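Note that chain A is present in both complexes that follow, paired respectively with chain B and with chain C.
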Partner chain A sequence: MTALIELDRVSRTFHTPGGPITAVDAVSLAFDAGEAMCLVGESGCGKTTTGRLLTGLLRPTSGRLLYEGKDVWRTKGADLARFRRAVQLVHQDPYASLNPTRTVFQTLSAPLFRHKKARTSRQALASVNELLQRVDLTPPENFVTKYPHQLSGGQRQRVAIARALTVDPKVIVADEAVSMVDVSIRISLLNLLLALGREFGVTIVLITHDLAVARYFAREGRIGVMYLGRVVELADTESLVGDPAHPYSAALIGAIPEADPDITRSKKRVDLRSAEIPSLLRLPAGCTFHPRCPLSEAGLCDLKIPELLPVPTDREVACHVAVRERTAEQAATMA
Partner chain B sequence: MSVLSVRGLSIDYLTRRGPVHAVRDVSFELEKSETLAIIGESGSGKTTLAVGLIRLSPRGTKVAKGEILYTKNGMTNDIRKLDDDDLREYRWAECAMVFQAALNSFNPVITIWEQFLDTARAHGLNDRRRVHDRAAELLDLVHLDAGRVLPAFPHELSGGMKQRVLIALALMLEPQMVILDEPTTALDILTQRSIIDLLRQLRQRLGFSMIFISHDLSIAAELADRMITMYAGRVVEHARVADMFYRPRHPYSLGLLRAVPRVSGALGSVASIPGSPPDLVRLPKGCTYAARCPYAIDACREADPPLLPVDTPQHEAACIRWQHVAEVLGSDAEIPVAEKLA
Partner chain C sequence: MTSAILAAPTLGQRLSGPWFATVEFLRLLSRRPVGLVGFFGIVFFLLLAFVAPIFVPFQNDPSLVDIYLTPSLAHPLGTDFQGKDVLNQIVYGGRDILTVAIIAALLSTLIAITFGSIAAVIGGRLDTAVVAVTDITLTIPKLILLIAIAAILRPTSFVFLAVILALLQWSSLLRQVRAQVLSLKERDYVEAARSLDLGLFHIVFREILPTMRSYIVIHFILSMTEAMYAQVGIILLGLVPISGSNWGIMLYFAQGQGALFYRDSLWYILSPILAISLVQLSLASFASALEDIFNPRLRGS
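And now, the complex of A and B:
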């Protein structure tokens, strides 16, 4: 079966005064319809650029973006318009992503008119009411005439999600969609996104730096971990958080503080050889993680770029050592 | 002996709509070498309180009532009554503050060395040689290379390095007390970890007291001895860290703990708190959390409950339904609340 949307060895290079920066380097990711998936990584890992490539807001320097098997950047006219409707982005900052001079009705009705989903104001109002109900802004009449400054951060983010829903998308990419809202309401926003996936079969890709959020959101799906422009591990969520294979994933999971004093004060840590994140302008040769990696082997990791390869039985990892060891372990248990 | 004793502190912001009661009747003690976490969400009054403790509140702020008593060498002073000279001495030399957003705390056009020199001069240290030695010693303490960092401008340092420099600067005059506002927010995970470990080491080595203000429960779990949760300007619960995490008695603390998923261990029953915080200008009658509280009864809407001991004398909650909360949680075992409710 072909995936609904797919990045096929996509790279994106930006030209800066300091030289070219490859923010995303040969990333391949495929998403099925209705899937809830998370991309996690620290700042500068390329997760936001990946989201922009996935939504067709950035053109890849090389590689292909496929939607329903078709190369998006080679389609035109009606096919391209269909992709634009089908794939929507929800931004991080609901304070910046909504036009402050427009009411909720104006914000939500504009795409309805633009895409001819509504022809009269009455039709638009009916649709807007329905959208507001879908994102739990009820009763809708309390919200249609409000301006963004009259709403809380969580309510604004719901309006931003409703806006993405105006065009009945098949894929929503949510970039740090909950990191700017209060802790106590994050889960309800994640639940809202998950419900959209379940009820309407929307594929949701959540981009986040917060592994706990990722674990909650993708608990029945997958997590992809990115480091310096590459996907270093792609695994089922519980396997990843319980038994990370890539040393970088392991370092992140060991380092993250937890809201539980007993666990957080006794966690197993991974000691990195260096705390310094290399500059994207001067990436290390071979595996870009090798200068920090406790498993690094001279003559291998500093020379050869590791491919993202499947390891038994539930994941793909881009690490020479982890792939070798896990494959050997598997062979040993089979024998 | 407490280093700091805050009694009945109330702080208002004067606005056109009327006074915003940002901090209401807050009392707590900070012991020597102790770490206290003040946890709350946006609008809970935590930052107003922190800034109020060193009297740096912006114009338009009114300390309506209360005392901030600071004790050193057996002498107790009310910070609210200090004159400008004594206040300058108290700030930084006695009580240093590390502000949120490390990037914005520096003067962007001078080097890190000059930032050290500026701070030293403001407190009467003019010997460049001695300031340099002290700066090098402090940077070493926060695991930075002084030779590289001192000549650098702020923009040349990473977020984590800037946060370390700020911590070093805060410690320059050997304060008894350090207040940190969101010390790890906006830092990457591995950097956050290194800052947490650093704060733990420094506290052990230098023995200062620490107050940190955060929305992030996990940093409290990491570092705090005691914890306060604030809601709508008030302290709603105050407890030792283990009691707060495993045996919360205020429904808001419980809700907040349950709203944060974990990476390790079972996920449990994670859930958001419905609704949003009240308007601080027109506070509702009775308990300000009642509108969002699943356990509220009619009596909750009558009077704002006082902060009273529950379970043990060291554990206080402002809730008349705390026994019911205890029943809902069932076990007192050291298990996260999301698991108890699963």
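And now, the complex of A and C:
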């Protein structure tokens, strides 16, 4: 089965006054229909750029974006418009993603009118009410005439999600969609996204810096860990959190605070050699993680860029040492 | 923080109905005496120019015995070199001047908004071309170009004059609109609109321009004052066929007939000057009050 949407060795370079920055470097990711997946990484690791590449808002410098097997950047006209509608982005900042001069009704009805899902205001109002109910803004009558500034952050984010739903998308990319709202409503927003994904078979890609959020959201799906523009580990949430293979994933998981102090104390921690993230302008040679990596081997990691390779069982890792050790382990148990 | 300030709703957005918006607007205006005076000044002159002529009969008969009378009950602003009533000419002389100013401001605003926003949104070669034309237009001294155009084309109708004035005025607003749109189009909600495939028209006229409307209104008023100055200047220089009666033509005749040298003609030459200055003053003070009212950061609690 081919993936619904796929990044095929996609790179994106930005030209800045300080020199070119490769925000995303040969990233390959495939998403199936109805899947809930998380991209995790520190700030500056290229996860937002990946999200924008995925939605087709940014053109890749190289590589292909495939939707239903077709190269999106080679399609034109109606096909391209269809792709744009099929993939929607929910932005990080709900204070910036809604137009302050437009009411909730105006915001939600514009795409309905434009794409002929409603012909009269009455039809549009019915659809808008339905959408608002779907994102738990009830009763809808209280919200249709409101301007964004009259809503709370969580309510705005729900309106933004409702707006994405107006065009019946197949994929929703939620870029840090819960990081700007109060912790108390994060879970309900995550649940809402998951429910929408299940109900309508929408693929949901959540981009976050918070592994705790990722673990909750993608508990039945996969997590991709990004570091300085590359995917370093891609695995089922269960196995990634329980047994991270890449030293960077291990460090991230070690940093999740646990509610139980006993667990926190006994938890395995990874001692990074440096807390400093290298500048994107001067990326380290070889594996970009090697200056911080506890497993780094001179002569290997600082020279050769690790590929994202499958290791037993059921995951992909971009680390020379981890791949070697895991493969050896597997061979030992088989023998 | 910046995004919170930028996202803060301006006057019109805070209120739902147009009726409430009007009430709120007048409330804010009433706290700015200068702006209020300007507002009433504009209303007064609009009534004077467009409504008063309906009720006041036009007097165009010269009367040799009444030349250069000082103000009296019969002639509140005195009479001119032909013995015609000055107040009557002031009443009838505003319509053309204001019409030309409004048409010119309307046209130049329209040109600036359309091309400025389209250039900014589409970008590429179109943007480069529009910016180049704008920069060239900006560097040419306007009055001299206006005189040259008027001398060559000899504008016979006032609408034609308005079009010429508009063609000379759009450039500075265009640059500002373009700059604003360039920054606004990076906003998340514009990106969302692109992603929802709402079309260029929707993005420009529904998402971007409404957030700039205060800005546009203020510029419209200011370009009216500019159009009035240019217009009166060009009439005074005699570069348009002198016919009918307006404040500029009154000035032209006053100067041509040597009104500057007769003491009794003071009222004749001063009346149109005062009318023009008062309109300008009203427009300018109203515009500056609007700037305060539309700007939530400058607005007092």
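The rule is short, and it goes like this: the second predicted complex is superposed on the first by the 331 of 335 C-alpha atoms of A that agree within 3 Å, B and C clash if a C-alpha of one lies under 4 Å from a C-alpha of the other, contacts with A are read in each partner's own complex, and residues count from 1 in each chain.
In the analysis below, contacts are C-beta pairs under 8 Å (C-beta built on N, C-alpha and C of every residue); 3 or more make two chains touch, one makes a residue touch a chain.
Please read all numbers here as calculations on a predicted model, not as lab measurements.
Once both complexes are superposed on chain A, the partners chain B and chain C fit side by side without clashing. In the superposition on chain A, A:Ala110 makes contact with chain C only, not with chain B.
Applying the stated contact rule after C-alpha superposition, one finds that A:Pro148 touches chain C and leaves chain B untouched. In the superposed model, B is the one of chain B and chain C that contacts more residues of chain A. Legend: residue contacts after superposition of the two complexes on their common chain; A:His91 is shown touching chain C, with no touch to chain B. With both structures placed on the common chain, the touch criterion links A:Ala126 to neither chain B nor chain C.
The superposition of the two structures on chain A yields an angle of 80 degrees at the Cα centre of chain A, opening toward chain B and chain C, reported in steps of 10.
Contacts of A:Leu57 after superposition: chain C is touched, whereas chain B is not reached.
In the superposed pair of complexes, A:Glu258 makes contact with chain B only, with no contact to chain C. Of the two partner chains placed by the overlay, only chain C lies in contact with A:Val167; chain B stays clear of it.
In the superposition on chain A, A:Leu303 makes contact with neither chain B nor chain C.
In the superposition on chain A, contact is made by A:Asp182 with chain B only, not with chain C. When the two complexes are laid on top of each other via chain A, the two nearest Cα atoms from chain B and chain C are 9 angstrom apart.
When the two complexes are laid over each other on chain A, chain A has no residue in contact with both chain B and chain C. Note for the complex: chain A touches chain C at residues 55, 57, 81, 84-85, 87-89, 91, 93, 95-103, 110-111, 114-115, 145, 147-149, 160, 163-164, 166-167.
On chain C, the positions that touch chain A within their shared complex are 3-4, 7-9, 12-14, 16, 187-189, 191-199, 202, 206-207, 210-211. Partner chain B is touched in their complex by these residues of chain A: 42-43, 152-155, 182-189, 191, 209, 211-213, 215-216, 219, 241, 251-253, 255-265, 267, 269, 272, 275, 277. Only residues 41-42, 158, 160, 184, 188-194, 196, 215-219, 221-222, 241-242, 245, 255-257, 259-265, 267, 270-274, 276, 334, 336 of chain B touch chain A when the two sit together in their complex.
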